[in-house]
Amino acid sequence: MVPLSWYLIFAAALFSIGMFGVLSRRNAIAILLGVELMLNAVNINLAAFWRYGNVLHMAGQVFAVIVFAVAAAEVAVGLALVISVYRRRNTVIADEIDLMKW
Amino acid sequence: MSFWNDPLKVAADWLLGIFTGWGMPVPAANILIGFLGVLILISILMVLDIGLVWVERKVVARFQDRIGPNRLGPFGLIQPFADIIKLMIKEDTTPGGADKVVYNIAPMLSMMSVLILWAVVPLAPTILGVDLNIGVLYIIAAGAIGTLSIIMGGWSSNNKYALIGAFRQVAVMISFEIPMLATLLIPTILAGSMGTAAIIERQDVWYVLLSPLGALIFLVAAIAELGRAPFDLAEGESELVSGYNIEYSGMKFGMFYAGELLHAFTFGGFWAILFFGGYRFLGLEQVSPFLAIAVILFKAFIGYWLIMWVRYTLLRIRIDHMLAFNWKFLTPLAFTLIIVTALMHALLSGTPAWLYLAGMFLSNILVAWSALEIARSYSRREREKVDGKKAVEVGH
Amino acid sequence: MTGEQIIFLVVAFVTLFAGLMVVTARNLVHAALWLVAALFGVAVTYALLHANFLAVVQVVVYIGAIAILFIFAVMLTRKDMRDQGPQMNKNWWLGAALAVLTFGGLYLMLQGWSGMSRTAAVYPSGFDAVAELGNELVSPAGYVLPFEVASVLLVAALVGAVYVAFNRK
Amino acid sequence: MNPWVFVGLFFLVGLIIPLGAIGVAWILGPKKPNPIKQTTYECGIETVGDSWVQFKAQYYIFALVFLIFDVETVFLFPWAVKLGALGLFAVIEGIIFILILVAGLVYTWRKGMLEWA
């Protein structure tokens, strides 16, 4: 039997990798890839707590399902923003998108 | 005698006895037996696939008023084996500039996405790979891997035709996945379960009688998902030569080709499982599991034959027409059908069986009829708009 | 070490490796394909946890839809996809340090928690988690409001995304 | 035992068999590459540039609409499983869910985003 700690450490590692991607990639699409990893790490935790808590209470799975919806919405809007910026300014490099910076 | 009633269990028990006799722990032995069973099933499927090559060529020839393969062996039966040998000893070229790893993985994933579908196909009451309680969604999940293999193959070939073909194919596949998902909801609602085994068990009346429209939409979406004519625009020979697999040769092309044939047959099988009672036919499945297997394979073959019939009769549809047909007609229709089915199911459950059947059937016919009427009046208005414009231009 | 533990370790290792490749690959299509591998690993993790519905939905939604959307987006923004130039910004070491710190902090926090070594009860046979999930999602005592709001959220995302990216003016 | 073990076996064998077939073909087939043979096949015309041509934005729109509908339809499956036992109230909730979804489709349609041109 796998102890709960393994799942949690695995999720923490995946979360950190995703965070590294978000913080250090230049390409806006690559940043969104990192965000996906972070959301998945959260979902592993939710599923693990559902399984290791009371299986008959579905709260963990319900939350995970809602996270799926949030992830889909995030990707849809995020990528639409990237493409919109690309069409106007011809770049997807996050550093160069600095219209709102002063 | 018991072997003929439950061959899988008898064989598994016999093997389990042997393996544990060798001092193997029971779970490991079970997994080994499962592995052997899967290996045998998939080997049979591959042999069946070779047979399908012959069937496809023979049937297309008949549809086109030709004879088809007739030189090698009786009725050209040895032809597919000659094809295989030819694919085996052909040089396997890789285009320069191709992404080698992705290029080589794609055909394997394509074949795998078809083979794993058989995990949830119940062949007889006792012969079933895995009874997952999400069996219906598993079909879509396997399809997702197939979609991925197409985009990988198209992108890694470093060929414009391949990439454009892959994009078109993927656009069609994902679009038609929505009506397919929607029609998969209908057997789920009627059976109250997503498991394929449970859907067959509870199918005392073929679901095609309860939802003829659902069965039809599923077939259309399945043909699009398979990328066969009239939805084979990735192949558009005149523009794209062969689509995403243009650069593949030898066995790797063979994997795409064989995967497509087996996929068509598999979807014939799923059509039978979801709407035509699977292995059930007049109680034959109670007599012997082998009869049940024969029944489901026969039904799957009928579905496959229908898909071939459509393929070799209809013309290819243009991509904009196809996507418009999906998003503006099929998807709204499928969602309307779910709403109607759910409502009728809730209202009529508890009423006599004949009333339930009649209500379901008539509501389906009504939805189909009104959808056709709306489409007809819409197209008439569009036509009048165009004609009116022309009349004005002529008047000038 | 039981079979399940070995499977978990293999899956976790592959997933983390794929995750690392996602954030370091130079070619963005490769990054997206590595993301598919990582997401598939997460789906296997759900399967190990007996969360059948989550496992299939992970494959259907993430691999079948989100990964495809990513690949399409990469193809559309082609000018920046040449593999030249640095793929990391100049503060990448700060990001790396923060990531390591986060992982270390989470790890230490978890070490101090008593529920860490908990093992799961035997999965009740005959318990249909999917039906129970359906019950929870639509029963008024359950999560009916989040369920409906999720639908509103998705439609809002659709409207917003279509408007932002492709407003024809 | 976890039923997914056997699904895993299907994945494993499903990979081994095509791998075996391609491997045998690789062993049996000749291997004589040359630059002409490895050129990209474009109907005999010399290839210009790489394959990364500009794509229609419409592909992205359809993928976007698909993503939203995919997620929402998948959510309906647990509802459909439990439908028989829950009665009319749950049916109406599901219908509201579908109608919100259809509203999104109608919006995209009216905005002219479902046109290919």
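Think of it as A, B, C and D in the order they're written, each chain with its own count starting at 1.
Simple rule for what comes next: a contact is a pair of C-beta atoms (placed from the backbone, for glycine too) under 8 Å apart; a residue touches a chain by one contact, two chains touch by 3 or more.
Quantities reported herein were computed from a predicted structural model and do not represent experimental measurements.
Going by the stated contact rule, which chains contact chain C and chain D alike?
Correct list: A, B.
Can you name the chain that lies farthest from chain D, using the mean of each chain's Cα atoms as its centre?
A
By C-alpha centroids, what is the most central chain here?
If we average C-alpha coordinates per chain, D lands closest to the whole-structure average.
Applying the document's contact definition, name the chain pair with more C-beta pairs in contact, A-C or A-D.
So, comparing the two chain pairs, more contacts are at A-C.
In angstrom, rounded to a whole number, how far apart do the mean CA points of chain A and chain C lie?
Result: the chain centres lie 6 Å from each other.
For chain A and chain D, what's the span in angstrom between their mean Cα positions?
21
Measure off the straight-line distance from the CA centroid of chain B to the CA centroid of chain D, and report it in whole Å.
14
Report, in whole Å, the distance between the mean C-alpha point of chain A and the mean C-alpha point of chain B.
From the centre of chain A to the centre of chain B is 33 Å.
Where in chain A do residues touch two or more other chains at once?
Where chain A meets two or more other chains at a single residue, that happens at 65, 68-69, 72, 75-76, 79-80, 83.
Would you pick out the residues of chain B that each touch at least 2 other chains?
Chain B, residues with two or more chain partners: 27, 132, 134, 137, 167, 174, 177, 193-194.
Enumerate the residues of chain D that touch no fewer than two other chains.
Where chain D meets two or more other chains at a single residue, that happens at 4, 7, 52, 55, 57, 59-60, 63-68, 70-71, 74-75, 77, 80-83, 85, 94, 101.
Touching pairs of chains, which are they?
A-C, A-D, B-C, B-D, C-D
Looking at the complex, which residues from chain D come into contact with chain C?
Result: residues 2, 4, 7-8, 52, 54-55, 57, 59-61, 63-68, 70-72, 74-75, 77-83, 85-86, 89-90, 93-94, 96-97, 100-101, 103-104, 107-108, 111-113 of chain D touch chain C.
Mind listing the chain A positions that touch chain D in their complex?
My answer: residues 65, 68-69, 72, 75-76, 79-80, 83.
Which of the residues in chain A come into contact with chain C in the complex?
Touching chain C from chain A are residues 1-10, 12-27, 29-30, 32-34, 36-37, 40, 43-44, 47-48, 50-52, 55-56, 58-59, 61-62, 64-66, 68-77, 79-84, 86-87, 90-95.
If we count contacts the way the header does, which residues on chain C are in touch with chain A in the complex?
Touching chain A: residues 2, 4-5, 8, 12, 15-16, 19-20, 22-23, 28, 31-32, 35, 38-39, 42, 45-46, 48-51, 53-54, 57-58, 61-62, 65-66, 69-70, 73-74, 76-77, 79-80, 86-89, 91-92, 94-96, 98-100, 102-103, 106-107, 110, 115-121, 123-124, 127, 129, 132-133, 135-137, 142-143, 146, 150, 153-154, 156-158, 160-162, 164-165 of chain C.
In the complex of these two chains, what residues of chain C are touching chain B?
Within the complex, chain C touches chain B at residues 3, 29-30, 33, 36, 52-53, 55-57, 59-60, 63-65, 67-68, 71-72, 75, 128-131.
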